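Structures given as structure tokens follow.
In the two assemblies presented below, chain A is common to both, partnered first by chain B and then by chain C.
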Partner chain A sequence: MTDTTASSRPSAAAGPAARRGPALLPRLAPYLQAAPLTVVLVLFLLVPILTIVAVSFWDYDSVRIYPDFVLTNYTELLSSPVTWKTYLSTLKYAALTWAITAVIGFTVAYFLAFHVRSTTWQMVLFLLCTIPFWTSNIIRMISWIPFLGRNGLLNSGLISAGIIDQPLEFLLFSDFSVVLAFVHLYTLFMVVPVFNSMMRIDRALIEAARDGGAGGAQILWNVILPLTKPGIAIGSIFVVTLVMGDFITVRLMSGGQSASIGLMIANEISLLQYPAAAANAVVLLAVVLMMVAAMLRVVDIRKEL
Partner chain B sequence: MTDSRSTPKAAASTTGVSRRALLKGTAAVAGAAVGSGAITGFPTIWAQNIKNITLRQFGTGVSNLNAVADKVKEDLGFTLQMTALDSDAVTQRAVTQPKSYDIADIEYWICKKVFPAGVMQPMDVGRIKNFDKIVPIFVTGKLTPDSTIAQGTAPHTVGFVEGKESTTFAKAPTQWMTLIPTIYNADTLGIRPDLIGRPVTSWTDLLDPAFKGKASLLNIPSIGIMDAAMVCEAMGEIKYGDKGNMTKAEIDKTLKIMTDAKKAGQFRAFWKTFDESVNLMASGEVVIQSMWSPAVAAVRAKGIPCVYQPLKEGYRAWGGGLGIARHLSGLELEAAYEYINWYLSGWVGAYLNRQGYYSAVLDTARQHMTADEWAFWMEGQPAKTDILSPEGKLMEKAGAVRDGGSFADRMGRVACWNAVMDEDRYMVRKWNEFIAA
Partner chain C sequence: MGALGKGLSFYLLAAFFALFVLFLYGPTVTILILSFQGPDGGLTFPMNGVSLHWFRNLFEQQAVGDFGGSFRRSIALGLMVMVLTVVVSLLAGFAFRRRFRGSGALFYLAVASLIVPSILVSLGIGLLFTILGLEPAWYSSALGAHLTWTLPFGLLIVFAIFNRFNPAYEEAARDLGATPWQTVRHVVLPILLPSLIGVGLFGFTLSYDEFARTLMTAGSFNTLPLEIYGMTTNVTTPVLYALGSLTTVFSFTVIGLFLLGLLALRRRRGAAA
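The block that comes next holds the complex of A and B.
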């Protein structure tokens, strides 16, 4: 995305500059202006990605990698049922996390944008949402473990309240705890863009809808939701890409019992199987890009920008 | 990836050059005698120069102890810089960044992977003063002349190479040793006796349905597969040719049994790091699991009962040692030999023994331990006084007996050594399938 804006801007600017005259500097200026970003992107994005793609065709044994052109990394990856199962479970995490964060994010943003009247309070409450981000990701995640454990706060609380008599085992080291941690970690990424979209909605539209006789639910569904779509799309891109690429949350919260694509790659790297990890990364990149492309087809986020 | 890898290399080579320049100067003073290695012990000629030397050691956390670095500075005068990494990272770095370290503190199964890459140099046993006193497990593979050699990557099988330039392992002891053994132990399952309430005697208990949802296995493929194999063999399901070098069929069968158990909900979690294993056990999430001896000590230190349970099928052992990087020469090489000789001279040995590990040269370590400490740790006798850790913290109260008993009882009952298999790549793939299943 950044790439296309970077390259389209200079060409658009270069047009008028070229018409103005043959002077060299004005014609070069836009290219020079775009150069720093281009250099950064080429060096730190394009080159590493191309390296990964190249390495994904190399051969390896337990200690070394050999420059080569073999497809075994891809055939082994794509023919293994584990890969498919892992993609499926990663997609399941992504879908669940996305759905829950979207609902929570939309609700929180709606409350902030339409129920809180004063801008000051809006900002105060909005900043309140960001407080969890003042501590590290991993700490926020790990703190769930003593809370949800077999002898954790929640279980012992429920037992002493007489609600249950056996500790609930599914609370920790399960899909439940993984999705819970994801939702906890990433809801803000949904709140922010949705809130931003909602703040841009012209309040006159809502008044007009009400004057036209629309009820609260109709306004929400026919006016606010369509106008918030770009925000939801941006939030979705954040959440989905973060979940798809994650490895530490899944490992810690599932107690090493479930796998994710990121975890698969991390395992391969730690076992020096760089080419296999690279092949896996290339496939993951392709899948995530397709998912983002699909989201962008549904919603035109340019309207937002 | 390429970027990040080349930077440390470049940095390492620049420091290498400056040190080498310093070396040339000293070599001129010290003369050829030093280079040829004729002088052993403390050659006073370069006693001053050695102070400027820094040896960079890296390895797994177990033996990268700051106390050792401090003592080296005090006793030998040079600086020892230590980096601790997990075993996968150690293997990786040992092979891919051979200039980034001077001394590698690695396990024997890692050595089997690393040494053939030609990044290390073997050591002349003639220059190791206590070589004769090294526990015979590391030389002949037998603790006593009539003991049988355990399966797996037994240290003596990768302990020697044919010659100074050789990277192929020798079948019998030679003049050239790959690693000088430093630290080793016999591992078994850890249990919470208070939550189990019945005697645990066999590896099969890990898969006992009574502990459903309360068992754990470590998720480091090359070690986890061994624990799994111990379980499967104890169940009588599989008879292995060599647990440390399984065939594809054996790997499949082993992991089939484990996968079935996993699907039935036997395991609560799989752990990868020391602290994870401690927390799982201390919180009661898990009552029986693969464990390392200091982790058991850490659980006990919280006042929670935990036993490092000896099992009738025997132990899974591991061992580590110090190796010298190929690029080391001159004064630095001298310092490395000096360090290794010092390592075997007793102080470190006593330190490691007091942590519950074993040291390679027992005689010298004994001189640095009290009679009571020696009796508790090495002879399996009840402690007469409180047993303290090397840092002076209380480890066991008077009257306690070490789990598993004496050195001979524990190291004499090793069923298998940590290993790297010929079918390594296949095993790792299957292991990952098991974890993802």
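The block that comes next holds the complex of A and C.
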């Protein structure tokens, strides 16, 4: 986008201002326009993260934290088997959620983009998918409780249908319900970018493939899927980072029986062990950034807008 | 394949889509129904009579901590975030249309803001305020925390808007003698208006529902998601569902008003053209 406008814009912007005086303002304009965003991101993202890095080397006792340079927060974190187990369960959640949201997201987007032929219906159905995203995540999580509980709709339905005798216990407060809630909350983050990618596929390519004798499955696998990869990558980045940093879903949906790194950090915060929480947060950030870097190899985000 | 004919694959995919929509809305509908549970009813079916008992309960002071206050704070915060998101991301969008030093770094900082786990932002801002001896509050630290989430979304949407914006309109305005400000005010902004309303809606609802980034930054007064979260741990009556139903209805109303506004805008334009 910068290329087309960059060439025409500076000369034109310089015109009227040049008549008034030195052409300083047009040259300064982008800096002034970008300043508010820069200030907010530096003050509320960059500096806080640097603060976390600094505090991760501080010492603490049961009452307060004090400036120091110790590595104990990291050595304790990395030498504890609990940490590794928690990372394992967090990665498991991320992998399961990613796989399920990718399949559902791709299928839903494929239906909307290639099988719904009227644009009006496309927009209506797309909106139908996005509306729940605008409502409270916590409420959407607790909405599962009357559904999945011991006496919930699903269990009583299955029992009265004679399929099971005993209520299924694994439905609520288990890994199952955690992943279910993640899929429920985050599939939209997959649907939107994949749908966006699919809508940009030139329909002539599909015609050409069909004229060349490709069947439906071949077109899907060899034409649509490769061209949708950037969308899948962006959706994956969203889903994976959201799950990796989550603590509220795991706490509410596992009923305290399961752990995630985010939950571990939140617990350390509530115990006022800030340096330990900070060290944990630094490691988590490094892990998440590495995962994102790996996924970014597939896609150039700026080209996808 | 089914792109041109309604074959079997169309109906299979349509069924899958219908199931997906049911999956999205089913649980919400369940708690909507259960919030009308009778006074003696519990957290699950069966319904023990039908009443507005739990909605009344919600507005009694002792039942929930501070529902009214947290609701007002969340709306005020959402509105502040909304205005700032529209203004700041639009300005930045203009900046990115030209080359400027540091544009790459700023872009990556904005993207980083999306992928840094929310709890880190919460923890970092909370620590920063503690170290500086500042009192965190919903209108300062929480506002900043919410902006780190809404601004990158706003910026990406503004990028997408400008990518589809035809610069010929601007050139025409300039050729007719408009100053840069006049071009923006009378040509660019009216064309972008519907999309900017979308950015605003995005900012408002993201902030209104934000929990993780508010956790350590809200200070002594709760926002609504924090209040709801507190309730999930210590309230075991359908009053929780009543609150859920109310906030969901509120969200739907906001979205509905937005869609109606957009429709009205389009009608007026259609009539004018």
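Assume the second predicted complex is superposed on the first by the 263 of 305 C-alpha atoms of A that agree within 3 Å, B and C clash if a C-alpha of one lies under 4 Å from a C-alpha of the other, contacts with A are read in each partner's own complex, and residues count from 1 in each chain.
By definition in this document, a contact is a pair of C-beta atoms (placed from the backbone, for glycine too) under 8 Å apart; a residue touches a chain by one contact, two chains touch by 3 or more.
In this text the structure is predicted, and so the values were computed from the model without any measurement.
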item: Touching partner for A:Leu172 - first (chain B), second (chain C), both, neither; value: first
item: Chain B versus chain C as contact partner of A:Val223, first or second or both or neither; value: neither
item: First, second, both or neither for A:Ile159, with chain B first and chain C second; value: neither
item: Partner contacting more residues of chain A (chain B vs chain C); value: C
item: First (chain B), second (chain C), both or neither touched by A:Met244; value: second
item: Which of chain B and chain C A:Tyr274 touches, first, second, both or neither; value: both
item: First (chain B), second (chain C), both or neither touched by A:Val287; value: neither
item: First (chain B), second (chain C), both or neither touched by A:Leu96; value: neither
item: First (chain B), second (chain C), both or neither touched by A:Leu46; value: second
item: Touching partner for A:Phe111 - first (chain B), second (chain C), both, neither; value: second
item: Common interface residues of chain A - those touching chain B in one complex and chain C in the other; value: 48, 51-52, 55, 145-146, 149, 151-152, 274
item: Residue numbers on chain C that touch chain A, as the complex places them; value: 1-3, 9-10, 13-14, 16-17, 20-21, 23-28, 30-31, 34, 43-45, 87-89, 91-92, 94-100, 102-103, 106-107, 109-121, 123-128, 131, 144-145, 147-148, 151, 155-156, 159-160, 162-163, 167, 170-171, 174, 179-180, 201, 205, 208-209, 211-212, 215-216, 225, 228-229, 232, 240-241, 243-244, 247-248, 251-252, 254-255, 259
item: Sites on chain A touched by chain B in the complex; value: 48, 51-52, 55, 61-64, 76, 80-82, 85-86, 89, 145-146, 149-152, 169, 172-173, 251, 254-259, 264, 267, 270-274
item: Contact footprint of chain C on chain A as seen in their complex; value: 1-2, 4-6, 8-10, 12-13, 15-17, 29-34, 36-38, 40-49, 51-52, 55, 104, 107-108, 110-112, 114-115, 125, 127-129, 131-132, 134-140, 142-147, 149, 151-153, 156, 184, 187, 206, 210, 215-217, 219-220, 237-238, 241, 244-248, 252, 262, 265-266, 269, 274, 277-278, 281, 284-285, 288-289, 292, 301-302, 305
item: Residues of chain B touching chain A in the complex; value: 1-3, 86, 88-89, 91-92, 95-96, 113-114, 116-117, 213, 216, 219, 221, 262, 267-272, 279-280, 283-285, 420, 424-425, 428-429, 432-433, 435-437
